[in-house]
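Here come two complexes built around chain A, the first alongside chain B, the second alongside chain C.
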Partner chain A sequence: MKSADLIPRNALAWIIAAQLLLLLPHVLRLPLWIVLLYGAAFFWRLQIYRGRSAVPNRWLKLLFIGASMAGIAASYGSVIGLEPTVALLLVAFALKLLESVARKDGYVVIFLGFFICITEFLFSQDLLIVIYSAVVVWVLTTALIALHRSAAIDDTGPMRLAAVMLLQAVPLMLVLFFLFPRIGPLWNVPIKTQAAKTGVSDMLRPGDISSLAQSSDVAFRASFAREVPPVSSLYWRGLVMSRIDEGAWRTVSYFETPPAERRAPPVEKTGESLDYSVIIEPTQQQWLYGLRYAEARQGGILQLPDYRLLNPVVLEQEFRYRVRSWPEAALGRDISPWRRRLETQLPEGSNPRTRALAESLYRDTGNDAEYVQRVLALFRQQPFRYTLQPPLLDNNSMDQFLLETRAGFCEHYAYAFAVLMRAVGVPARVVSGYQGGEINPVNGTVIVHQFDAHAWNEVWLEDRGWVRVDPTAAVSPARIEFGLENAMREEGSFLSSSLLSPLRYRGISWINALRLRYDAVTYQWQSWVVGFDGQQQIDVLRGVFGEINARLFVGVMLASFGSMLGLVAASLFLRNRQGRHRDPALRHIRLLQTRLRRIGFDLRPGESPGAMGRRAAERFPGASDDLRAIARLADAALYRPLGSEQRGKMQRSLRRQVRRLRLHPGR
Partner chain B sequence: MNSHKQAIDAAVAAVSTVLLGKSQPIRLALCCLLARGHLLIEDLPGMGKTTLAHALARVLGLSYNRVQFTSDLLPADILGVAVYQREDNSFLFHPGPVFTQVLLADEINRTTPRTQSALLEAMAEGQVSIEGETRPLPTPFFVIATQNPSEQSGTYALPESQLDRFLMRIELGYPDPGAERDLMRRGDLGGQAASLEQVMSVEQLGAIRDQVEAVHTSEALLDYLQRLVARTRAGGDVSVGLSPRGVLALLRAAKTWALMDDRDHVLPEDLQAVLGPVAGHRLVPGERFAGDGMALVAMLQQDVPVLAS
Partner chain C sequence: MLIAAINYENNMSYALTFLLATLFVVAVLHTYANLSGLTLHGSGGGSGFPGDLLPFSVRLMGGRQSRYALRVRWRDSSLGAGEAQLDVPPNASTEAQLYARASQRGRFLPGRLLVESSYPLGLLRCWTSVDLALSGIVYPSPQRHPDILGGSDPGQRGRWHPRPGEDEFYGLREYRKGDRPRQVYWKGLARGQSLQSKQYSTYASEDDWLDWDSYPGVPTEQRLSYLCYQCLQLHARRQQYGLRLPGLRLSPSDGAAHRDRVLTALALHGLTQE
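== the complex of A and B ==
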């Protein structure tokens, strides 16, 4: 193989750099051996370059392929699924380097690199990842350019050229992004990752939420059309749990609901309404969060009979939805016999002492509403403690919690409260979701973190319907008023296990400012890029053009494509134009030079037009006389002292001569 | 004008009869003379430097003197000295060898800087000041200085600022084989220089010299000259570029060269022809062409575009 066909040294360096950069964001998801494999592949490839090792032969390659398939199957338990597939791709990427010696193999590696760059977005669409990927694309493009020139290893030419090329592509990218029709995917691959997602689950056991409270991940961001309501009133309903199964609260499924009960009873929309939109992080679940009473302002979102919102498909990526809520509306003023029975059920024989307590308390009060107050007063007066580290309960016994340990997190109180209600036949249920949030002063969005996860109750009262009761507020008013961090100040347990979270350091004002600023950018990113869907696209166009139709849409798209191309053409034309000379003689000579070059005549910059003409005359004997005449005319037009009239004549005859000239390649 | 070309060609041909196969250096030397410059010849002994100077003086009908520069030569030895006359109680000036039309200053680098600068001043001023009296030198006044590049011990190399006083620096070089064979056949021709016929009158010489300034330089040519100059000043390959005086010298030499070819306008070829002799000793090459001014000039000739890009 000729050395001209080999991957040049600088291109090899760029390819290896790109491979390293591509591997980096995947490292935490990959088994260690793949990372080691990369190291070994780089080392081997460098040894091949230095001539110390040979390229692996066919049998060795087959062995590698088999071994890595087996390795992936062993590490992931399967070779099917998102993560093993990406891992397989990465392994192939590393192995491909080993056999890439020729320039054409270099192309394969680089194009594979572009593909691998995209796979990162299957895991995260964070702004930082996008910036990182832009850098990776830059390095890959640099490698592609370096593959074409054998420059010194520290030559920065390819880098600069790649940067210029990518920047030139940006306008086209923007047009494609904002204007290309958003066609739904033709097929959908379930890309559920194996990584467990934190978030509220549809089962609630004591201890579930307190473990969630250790996470500072963002659950969702909400942006209100008008003023943000007080944080203490932000109860984001996610799940409504009406059944107790084996000590855990859970939701009632669609099939457990009799057909007549499957529609939400109508609600009289009274009072002020709130408009807001929510961008929710991927939960791998279906339910959506909203303030009561919430109705989706867009199609495709279901409302369940317990007035919560549900997305028909699992949320595998960030999802934006628009909601309108009527916080003062009464929910379910009439209760059906089925629902009353459902919402008062308790497992047979469970928690006898709690039942006894409930009955004694109920006897002292006149009605349900008063009984609710009585129970809350019990929480307030007895030495109940609000803690992230509650003692464990045997078999989720509420008897033990209410009468012995008296220390728990919100789910303990919600659980106990619902049991106390149901014990005396008052319909009550547990609602889980998030409470509160952090208002970002930068852009006014409400950031709701996982540690804002909360559980509270809804009690059905005559004439008032389902009323929200939060027993936690009775135990620890600070939790509702000032958030979890304040409530846990004494205990010091807030985010005690997430050392790296910037939230932990929000006492340091610049870190906090930076965090909030970044969150605002993330919000914009999510609402304008990640969440930019067909609806939003149409909204944008509508905002600019008013009512739109298909013809206008296509017109706008074609027009912007056209103007992009026009811009490029214009800039090329202008650049050419600048190269044109005011001196017509020079222009004619340039034309002659272009023609000569096309038929293989080498031009020399340090050659006068006359000398060039004479040299060409010798090279092309057929046109010898014409070329000599042109040489004379060119010298005269450029260098002789001439009046403007004479000069014009010279220039015209030069032009005529150049046009008339017939050149034939060869001698 | 046509007669000028004939006269010049005749002069070159006449000199060529005693200095075989060297018509290009002869033309350059003539060009230098016509452009009112002085010539520095840098070459080994025995290449025909003296013959060139003497023959040139003969064919142009000019007086000729030769001074061999040595380390003990004093300025007065060149310029002349005023000697006291007892008879009329006055000083009588005895002019030195500098009072001639063609002066061959042989091995100029062997004398002390003091004597060198006395000569160089005379070259620059066209006159000599001795004991408060200014005495004009004859016209034309043309100095051909020679330098031996191989012997360095005991010499005083001319500094760059002094090299600038010479319009051109040329090398004669070995004759080509044919010319050398001719030389072998005909023996030493140096002696025959004294017997050459004059082919050009001093008036004609003056007339040609007066026409040099009138030669036309078009905008396109000046653009090219500026590109050349800018390239020498751009750094990199050149550590000291061309000075404005060097630019004017280049232009004057190119105009003379064009005139010698009977043209009333300068072509890029004229600039290129005189670029080496005029700029070679004024430029200080950078690292890439260390010590090789001619390679640098060749690069300039090849790479600097003649036409505006």
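== the complex of A and C ==
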């Protein structure tokens, strides 16, 4: 193999640097052995470079591949799914380095690198990750350029050229990005099997939400078209749970619903409507959050019979959806016998003391609405405590909670309330989602954090349909009015386990201002870049161009590409041209030289304009007088010590002479 | 990558995919600019026998811009491999050495040169094929005539003609001004004879005329090959020789320059001058 076909050493250094940078964001998702494998591969490659060890032979390579496959299968339990696939790619990336000796192997490694860069985006499209990846792309491009250059290791040329080329490519990339039609997935792709599901789950046990309340992660951000409603009225419905199984509330699945009940009963849309869009962080779940009564303003989102929104596929990435809500609309004024039965069911023989309590309370009222008030009054008057650290209950016993411990978080109250309602045949269910949120003064979005997770109830009342009741509000009005942080001020348990969260330091004003500003940037990023979709694309294009048609599309594409490339080409080729000389005399001489060269007169390096003119005079006898005159004028204008006025005169007559000159090829 | 982007509906993947695509487009211009404005000067060529490698050199000048990873090779790849990679610093020049394998007798025209580069990304190759009017001379391949033994044995020579030289005594003649003192026949002078000079001669046979007509009935190329062989033999023996071809006569002489003249005449014999 010729040395010219080998990977230059500076390219090798860039490749290794790029590999390290690419590995870094994946590290926490990978089993440790892959990280160690990278270390070993780098060391081995270094030894190969120093000539101390050999490139692995075919059998050894096969052994490595087999062992890595087995290792991945063992670590992930399968080789199918996104994480094992990415791990496999990363392992291949490390192993490929070992056999990369020739330049063509260098290509493979670098293009694999670009692909791995994309896999990182499947996990996160956070602004910081994207900035980081831009650096990685820069390093990869540098490696690609260095692969074609034989230069010293400290040469910064490839770096600079890579930066220039990428910057030139960015405007064109943006054009493509905004114009490329967004079509749906072509086929099903491996999904993330290992990612933790975050947020509210479809099972609710006492203690579930209080554990969520320790997290300061953002659940979603909502931006309202008009004014943001009062925070205390922001009940983001996510899940409606109508069944109790083994002490846990859970949702009714599609198949448990009889066919006649699978469609949401029509809702009379009354009162003012609210338009807003939500960008939800990946949850690995399907449900979406909205204020009641919510309808999606875009296709592809399902409306379930209990009036909640469901995305047909699991949310693996940030997802943006647009919603319109009618907060005053009554939900489900008519209740079907099946639903009534469903919403009043209680497990046989559970919580006998609670049932007795419910019956005694109900007997005094006789009216469902009044009964609800009685129960809420009970929560208010009895010494119930709202706490993030409730005592454990045996078998999720509501008897124990209501009559003994009397300390719980929202899910305890919602649970107990629903049991109390169902015990006397009032249809009731538990709703979980988020309540409230933080309004970002920078851009007016509502930031909903995981600690805003909440559970409340819906009770069906005659003529009013499903009415929202929040028993937590009865116990701790501050929770609803001012959020969890204020409700837990005395207890000091707010975010007690996440010391690093900037939210803990909300008290320090500049940290808070910084946090809110960053959050606003994140929102812009998510809504314009990460969440950019077909709908937005059409909106933008319509906003800019009015009507959209194919011809316009192509036209914009061609025009933008043409102009951008024209600029790049101009910058590349103009630097190559001979610059204009500042001395006018030299400019005229240059013109003459061009003409002479064109008719076959050889220019000699180091020849003065005068000497050239005299030589040309011999060569072209027909113009010899003129050429001699030019030679004299050129010598005078260039070299004779003259005043500026006289020199100007010389230069002008030189120009006249050059213009007047007629040259004929041949002798 | 685009498929990954579409299937995962991942905007950043779209962005990176498009960035690479446009990088490719931008690379077209950069690759072209790397080659554009390059000045080439070809030289060399020289001469050789069929199958020899004739050296050529190409000087590349890049102007104010630096050029990287240029490759110069023959467009006709059967002529031989080219130079691997050359960089041209700004305002300087680099010389590429190229060798072409000479084929048949005559004026050797290696044809166009291919100057190419896939710098900076290696994804695109920009090339230009330039004609630098490079040429060389290919002599006939020397062949020994089976019957005439090419004068390899001086004893088998035919007639000998005396020619001025220093090898063998030939006779005496009247002293002329300019004769060296060593040449003067001092013994004769001592005997009272007139001042005479010794004459030496180098024997030259008829063979030291490389004659077209020596090989009647032999095809042209074959004849030229025989003559070529003879020429080389005579040159190796440092003899003087002349060349007689139809329409061409080179008077006898010796030395490398003469040999090259003779061989060139053989190489170009019968070929129209272009």
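The working rule: the second predicted complex is superposed on the first by the 542 of 667 C-alpha atoms of A that agree within 3 Å, B and C clash if a C-alpha of one lies under 4 Å from a C-alpha of the other, contacts with A are read in each partner's own complex, and residues count from 1 in each chain.
Everything that follows uses one rule, which is that a residue touches a chain if its C-beta (ideal position, glycine included) is under 8 Å from a C-beta of that chain, and two chains touch if they have at least 3 such contacts.
Please read all numbers here as calculations on a predicted model, not as lab measurements.
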Identify the partner contact of A:Ile589: answer first if only chain B is touched, second if only chain C is, both if each is, neither if none is. first
In the three-chain superposition, say which chain, chain B or chain C, touches more residues of chain A. C
Can A:Phe545 be said to touch chain B (first), chain C (second), both, or neither? neither
Would you sort A:Leu572 into first (chain B), second (chain C), both or neither based on which partner it touches? second
Of the two partner chains, chain B (first) and chain C (second), which one does A:Leu638 touch, if any: first, second, both, or neither? first
Does chain B (first) or chain C (second) touch A:Trp338, or do both, or does neither? neither
Which of chain B and chain C A:Tyr254 touches, first, second, both or neither: neither
Report for A:Phe43: first if it touches chain B alone, second if chain C alone, otherwise both or neither. neither
Touching both chain C and chain B, counted on chain A across the two superposed complexes: none
Contact set on chain A toward chain C in their complex: 2-4, 103, 107, 114-115, 117-119, 121-122, 125, 130, 133, 137, 141, 144-145, 147-151, 158, 161, 165-166, 168-170, 172-173, 176-177, 180, 182-187, 189, 316-317, 529-533, 561, 565, 568-569, 572-573, 575-576
Given the complex, residues on chain B that touch chain A span 216, 218, 220-221, 264-269, 272, 300-309
Residue set of chain A touching chain B in the complex reads 579, 581, 583, 586, 589-590, 604-611, 635, 638-641
Contact footprint of chain A on chain C as seen in their complex: 1, 3-23, 25-27, 29-30, 33, 36-37, 63-65, 68-69, 84-85, 87, 118-122
